[in-house]
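Pasting the structures here.
Shared between the two complexes below is chain A, which has chain B as its partner in the first and chain C in the second.
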Partner chain A sequence: MSGATIDSLLLLGAVVLPFIGALAAGLLPTHARNAAAWLAGAVSLGAFLLLCTVYQAVTAGGVVRLELEWMPSLGLAFVLRADGLATVFGGLVTGMGALVVLYARYYMAAEDPVPRFFAFLLAFMGSMLGIVVSGNLVQIAFFWELTSLFSFLLIAYRHHIAAARDGARMALTVTAAGGLALFSGFLVLGHIAGGFDLDVVLGAGSQIHAHPLYPVALILILLGAFTKSAQFPFHFWLPQAMTAPTPVSAYLHSATLVKAGVFLMARLWPVLSGTDAWFWTVGTAGAITLLVGAYIAIFQHDLKGLLAYSTISHLGLITLLLGLDSELAMVAAIFHTLNHATFKASLFMAAGIIEHETGTRDIRRLSGLNRFMPFTARLALVAAAAMAGVPLLNGFLSKEMFFATALTADEPLPLGLKLLPVTAVVASAFSVTYSLRFIHGTFFGPDPTDVPSMPHEPPAWMRLPVELLVLACIMVGVLPAATIGPLLDVAARSVLGETTPEYSLVVWHGLTRPLVMSTIALALGVTLYLALQRHLRRGVEIVPFLGALSARRLFDRAMVFLSWRLARSIDRVFGTRRLQPQLRLVVCVALVLAAAAAFVRGVGPGNIAPSEVDPVLAIVWAIGASCALGAAVTAKLHRFAALVMLGGAGIVTCITFVWFSAPDLALTQLLVEIVTTVLLLLGLRWLPQRKDGAGAQRRPLIERVGRLRDFGIAATAGVGMAALAYAVMVRMPPELLAQHYLARAYTEGGGTNVVNVILVDFRGFDTLGEITVLCAVALTTYALLRRFRPAPESVQLPAQQLDQIALDAARPEPRRGRLVADWLLVPSLIGRLLFPAIGIFAVFLLLRGHDEPGGGFVAGLTASVAIIIQYMLMGTEWVEARVRVLPLRWMGGGLLFAAGTGIGAWFFGYPFLTSYFGYVRLPLVGEVPAASALLFDIGVFALVFGATVLMLIALAHQSVRGRRATPALDATAPSPRVAVGAATGDD
Partner chain B sequence: MELIVALGIGMLTGSGVWLLLRPRTFEVIVGLSLLTYAVNIFIFSTGGLRSGALPVLERGVAGDLAQHADPVPQALVLTAIVISFATTALFLVLLLALRGLTGTDHVDGREREE
Partner chain C sequence: MTDDSPLGLVTAVVTGSLLLLGAGLAATGALGLLRLGSFYERLHATTLGTTLGMGSVLIASMFFFSVLQTRPVIHELVITVVMMVTTPISLMLLVRAALYRDRREGSREVPPAP
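== the complex of A and B ==
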């Protein structure tokens, strides 16, 4: 934090405060309306006062700057930079924010979740402040996107209303797309200027103008500014955003959000303007927006719609001023931005009061409100007059300035006709017309007959913000030099510097040409309003001449095309929901890639001679291959046979491991084989019966072709894999990672079983990840099985069990399970005796794992086999009644133990999972390896045991649940939860 | 010997892929298991097929590849075996849930319409 002055810290506080406030407001209870309002008001005022302090420093001369490290590796710093323009805008944002908070307190209904509203509002305020006082382009883009996001949330505040959602989505789509363009533009601009710091960029004006990439940067940045400031042809989102609560419109759509684009253009004005490209793009967009917005505003029946289009028009006016490339126009632009914020916010608030009191905003239904709310009517009248540009109000002054610059600006086209002044007068006339319509249509005429509720004056506190704003309109209008003068001067000077022109802020300039133009515009506007009376009374929705040209419709169509039609057709062409084509594609792509690699790189001969064929292993593999083939043939119709064959292939795999010096693998494979087979056997019970339909009829041709194709793919895959495996086996690279591990396993890992040392020590982190996956899988199967509902026809007991039950019932003393118990008496006895033996064997495998074949995985699987044997020989119910395994605790404990061992290394100042080893001499047992890796392995053991047992007993338990569904011989009450197919009893 | 094992791997792969492309869930699960064997043996074989190599070091002596089996593929395959067991279990339970929910054991959750 270098060179942080008090002022710069205050500035940081002003930006951070709203975000903290937003967080605090978001944590308030849903209906804490007053608390949220007090909080938001205090935060806004606090930020405003902080900025006032900063403003003192700025007027004293200079720029308040704060630089914090952000991403130094990229040359990016978090920079706050407050000059005149930024401070004045910041004051506008926070001051207006405080007024809107007061207004919103009374506008929002008590049943609305108001804290959420204020949280969004404050967050938006912070983001907007962020744009204004950022001293770094990337940072501006960041806050820019934040404003898009929070304005989306604010517009969609009443998200139960479809129109609010649509309007919010449209606003977000347009402004966020613009934000993306802006960000790209900033990247280009930063590239040209050689840095993203605003001071660097502002100092590189000539460099930027001369650069070939200047037009690209300009267009991209303007796209961002135009979308945000609702310039033609991106203006359509603003009227749709009027579905927002009115305080949001008053804040975002008059004073802040839509001014962000204008602010940005003013900010970069010194380096981007002054070219033909700037003049034509900005000027044209501004002029068209000015005229079209004002024209459409006349024909709006919705008060807020009228104000929205009027806002678009005024934003067009400011944009046009910025496009004119003259210093005086720049001053006028800043001036009008401030003026527009005051009168438009007050008009939005007035519209909100009208809606609040009458229940409607439709001008066609409103009339004569002057008699019901005279004070509000006066306020609205003054604000509307300011909007129309009536003398002695602030709108008049900035309009005069606009006329003056329009008259003096260089005409781009030698048309003979003064295009710019004519545009200015026509647009002003339009603004007079819609202002008249707003006031006359709402407040004058006969009493309203068609409004939902009879209006009266709003609470005094709700009116206060409007009163303050209207007071500002009048004060600035009457005493411009004393009120707005210093602010305007500081703001203009910070942009224009030495080139700030002379301008006079007085009401009376004498009988000048701008005054004449103002008078003409006023007269034209009134005439137009009178002439349009008949048309407006008809109350049709269509705007004359421009009805067909709807940017919104084009946007909607584009969105439907992109997000629905295009997506659907792409999905239709390239997508499938069927698994088989997907898998076929995966296999085929793998085959093609492998073949291509072999073809491009070529396959040379290997460097080791193949070893001699051992006839025993050859016979073993003949069996293995037959098993594989047999499983493939029988898997569809003879599942049990397929399982036996699968087990055969597994045993052959196991023999292969042990044959080629991998006892650890063989052990693990053998145990996994046992557990998997048991698991699959448990699953068979719930699969549908498949009858052998052999010889019934030939398969249809298309199916035969499909099978032939699959056979081709499978055969190719098999041949390819065999060739690949052979090619790999007959070559040996000179350097192998194995040497590293072999050399260090004992000296650094303290174990002679290198495989185990790799697992629990060298690559312990991988193993930790792996057992976590195992844990997750086991929990997933458990969760899935908790919700498991067997298919109706599987609920019935299998035929074998029914036979047994029938035999049991036929005995002298009927007792279920008797037959099985008698038959399995000897095995079950052995099984019970084996239980401790297997347990001890598991511990033995675990302890010797570091030095001899064994380890946590094998030990865990062995221990689970001990449990499985009990289940198989004694039956699920017998075991569940006697043994409680609590697999979840084993898993959790194991994971904690393994992770804890790793963390333990931290306490000795080593990285995670560093292991320690030594040998301990125990009496009787002898020397025992005591590596911390053993502790880790104990964790692995516990987790593997828990996970395996969890999966097995969860599956085994299903048969008990299924049986409970049937009224059984032992007459346990049927559980109501397992109701599927309960009617299909067996008695 | 290498040829025998390679052919065995090929056979396991071919059968596995064939079953993988079948429409019944049980066939797919058997196919996946066969593929698992094939892939595990393949990874294991990248360390070279040597019978009689020492799998375990002697205490205090650094090992070398001339006498000892390559431990790296073994460590890889050891974890692969355990993980493949987990995925088989997960797939089995999914299969059962699918069957319970849709009433069919077709991989797409519904019989192909004729």
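== the complex of A and C ==
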């Protein structure tokens, strides 16, 4: 069934639509509450209708499947696969989503940033749909983590509240960690089954059972499912997540997120179940969760907390059913999943209404609301009755089914014990008790005296979703076969196939044992509630018997240990805040690795004989080497001299490039040297001065040894680099990449400058990555310098600035800032004249780059040199009063332009960054070569220019800001100027 | 440039002597940099190489390539112009900085501020 049928495209639409909607909602203005709600509602309904259409096809013809190429080289395809189970779950996700959107529109306050809420909600819906209809294990894991992420964002929606942040973090930690386990489990499972496609996996059942890795896969996958579905012992995150806005709880914690784990277990039920391992893990976890959740729920005072633990308990029930390894139990599990979603979502919404109207959710403070909101009370009553399993409601039916399977299931327990029926009755009794508590504690009794606001009925539209859900509870409860019957049948059949058992969906089965059990449970529950009245009235927070056993406390301790103590101690052992040890470590690691590589693989002689030593070049190199040595020697005390000599070494490198006919490299090297030197010079002023006084007495031994060691490391690293370069230069592999480039530069890249063609065409993607990195580096430099606080001793103003200030204070206004201007009149005039010349030169380099030495990088550096000269000679304020460079726009524009050129190739049906070249006839000039690579190069140019100038400006502003930070001087000079070359012509 | 192109003796002599002259001037300047006493004196030494020395080398280059390619080659004029424009900037910056410092330190070698 591969290929794109209409139905499969509709399915794709249903998955993609919520994400598009999320993007659109995210772009709405902050308070566009109605627009966002309309959008979200329309998207949810649209996705729901699309799924309804798909459902028609599923009932008629089995499985709707869509396969798109994703990573064909890895054998991975993007597969959407909708069968009965997936479509029914998908309908639940989208339909419930639409109701929640309507509810949220009235629940959320007007001052909340609602579009953000709806954007997250829609994105979550899309991820959830993705899990449900994915036909590929890896894809399921991907969407699985997406749901963790978006649920985190939703729970932390009110991120200014600490509890919301903590709850969200805990939910994310638990579910995302489970997601990782799930992913590894999927990898193992895919390995066993021989493919990640769901159909392949589902078809490999016997193979999976027999495989020795089966337990590993099972445990890992169950870890994922249990964390998501809040099974014991991972249940603790769910109550914490109740800090989310109530619509989120109604959606995530009743119908969708927590059902993902259940869905997954049902999805993989045919291939994973049927073993003792499955029965014991799933069954035990489910049974414990069922009992413990229900028990704790009784003692909750927070309405949502009660519902949260009740949800945990019901999820345990479903898990237990899935663990029972009986087909009837499977049907019951699916049935109960649907039922639970309807009554629990409506109860959450009712709790939200109560909170919305009274301002509290504490059962101890609430009472007698029946008189104030009778309609809501009736709705909640029905939903709670469904939760308790009262006859004629949907909860009753699935509970009956549960009882029936509990009675018939095989229990491989010793001594022929039958624990399951007892568990079932006790848990049911508990659920009756907490349902009673929810209703009786909230709606009955005397009028509330302790609530923040006097309640009344909510807006009719806010009640509508609850009404619809409660209606569904009643309809399913009264006429199960006519309402839920077909859906359940399709869903169960898609999992069980031929083995789907006979089951009857009727309200009255006669006087059967399950009915007796139900009655006992109801009676027990009511009795328990009456018996507990006294205890509950006291309002104690601690749950009896289980108070000490807090999984949450264990989690918190583990988190503190991992993220605080362990991290601290590791940091203490391995970390350092000093630069020197870090550098030493980096260099040493590089040295060891390089030496190891040479040692392991061996170093043979090269296959090219070294050429004769040219005496002239040798002399030039001698100069360069002495410059480098001189720089190293003077670096400590005479930074300026060291910088000058570093420049000398750079020039020698540059000459070497020219000597060996690499004009492009030489040009680039020259400009890089210039710009680097200038930027370093500007930075020098902010380094603390070093005093030469300590040289007189001898240093302590340990310091000398340390220096000797550092010298050794440096010398070894330097010699190693030289040896490496030499080793590379004396060998010529038979298949040199360079030859390939040389041969094809013109025929395929359309340029005769091979270096440039490589940069902008053959390896254009690398260049794109590199300029992106450059962008990031420039921004980082800027960010670091923005917060830069210089050493106290270098905050002092230099002599020139002090003189200028004194002069300004002494002279009348028009002469302000003239001292340095007078000093540097001629250079600054010439410098200004040079600006256009250098600019033209930059453009020239850019345009000829494809065929002659030049290119975007060099051109960008050249243009930035033009700006640097202006800053140096005229001063920051003078330049910025006249030329606004806006480097961020240059950088952003350049990046967009370069990437856009690459994308442009798509429109002509070529891969990303394919370049086009040809000849263009211009008036007057004639025919000129034109390549789309030039456009790419223009992007590079703009980015390099912007990045360099950004760093320059960041440094230049230091001197302005540093001065302003000196308040004593501000008093004497209210409007200080930058003295390193101030205005000449502005007075 | 091809190796077997016959260069006239005149060309060789003219080019060679111009190059030697330029190199000699630059070497003299370098020597002066080493020998002269004060900063301001040393500054003069460097100008030998950048003005006349550079000029001789550029003329040699123009002459040589014009003869070699049998057409006027005058690219070097651009270099000359750029040199003429930029050298004064750096020298002037250096001198101004030195003068400023000397005056601040009250050195008696330099004239006081007007």
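Quick note on the criterion: the second predicted complex is superposed on the first by the 572 of 987 C-alpha atoms of A that agree within 3 Å, B and C clash if a C-alpha of one lies under 4 Å from a C-alpha of the other, contacts with A are read in each partner's own complex, and residues count from 1 in each chain.
Convention: a contact is a pair of C-beta atoms (placed from the backbone, for glycine too) under 8 Å apart; a residue touches a chain by one contact, two chains touch by 3 or more.
Since we're looking at a predicted model, the values are computed, not measured.
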Touching partner for A:799 - first (chain B), second (chain C), both, neither: second
Touching partner for A:787 - first (chain B), second (chain C), both, neither: first
Partner chain in contact with A:536 - chain B first, chain C second, else both or neither: neither
Comparing the two partners chain B and chain C, which touches a greater set of residues in chain A: B
Which of chain B and chain C A:824 touches, first, second, both or neither: second
Which superposed partner A:664 touches (first chain B, second chain C, both, neither): first
Which of chain B and chain C A:45 touches, first, second, both or neither: neither
Interface residues, chain A side, partner chain B - complex: 577-580, 583-584, 587, 608, 610-614, 617-618, 621, 624-625, 628-629, 631-632, 635-636, 639, 642-643, 646, 649-650, 652-653, 656-657, 659-665, 668-669, 672, 675-676, 679-680, 683, 686-688, 690, 710-711, 713-715, 717-726, 728-730, 732, 736-739, 741-747, 752-755, 758-759, 763, 766-767, 770, 773-774, 777-778, 780-781, 784-785, 787-792, 851-853, 857, 944, 947-948, 951, 955
Touching residues on chain A, where the partner in the complex is chain C: 799-800, 803, 823-824, 826-827, 830-831, 833-834
Residue ranges of chain C touching chain A (in the complex, touch as defined): 85-86, 88-89, 92-93, 96, 100, 104
Chain A partner contacts - residues on chain B that touch it in the complex: 1-24, 26-27, 29-31, 33-34, 37-38, 40-42, 44-65, 68-72, 74-75, 77-79, 81-90, 92-97, 99-101, 103-105, 107-108
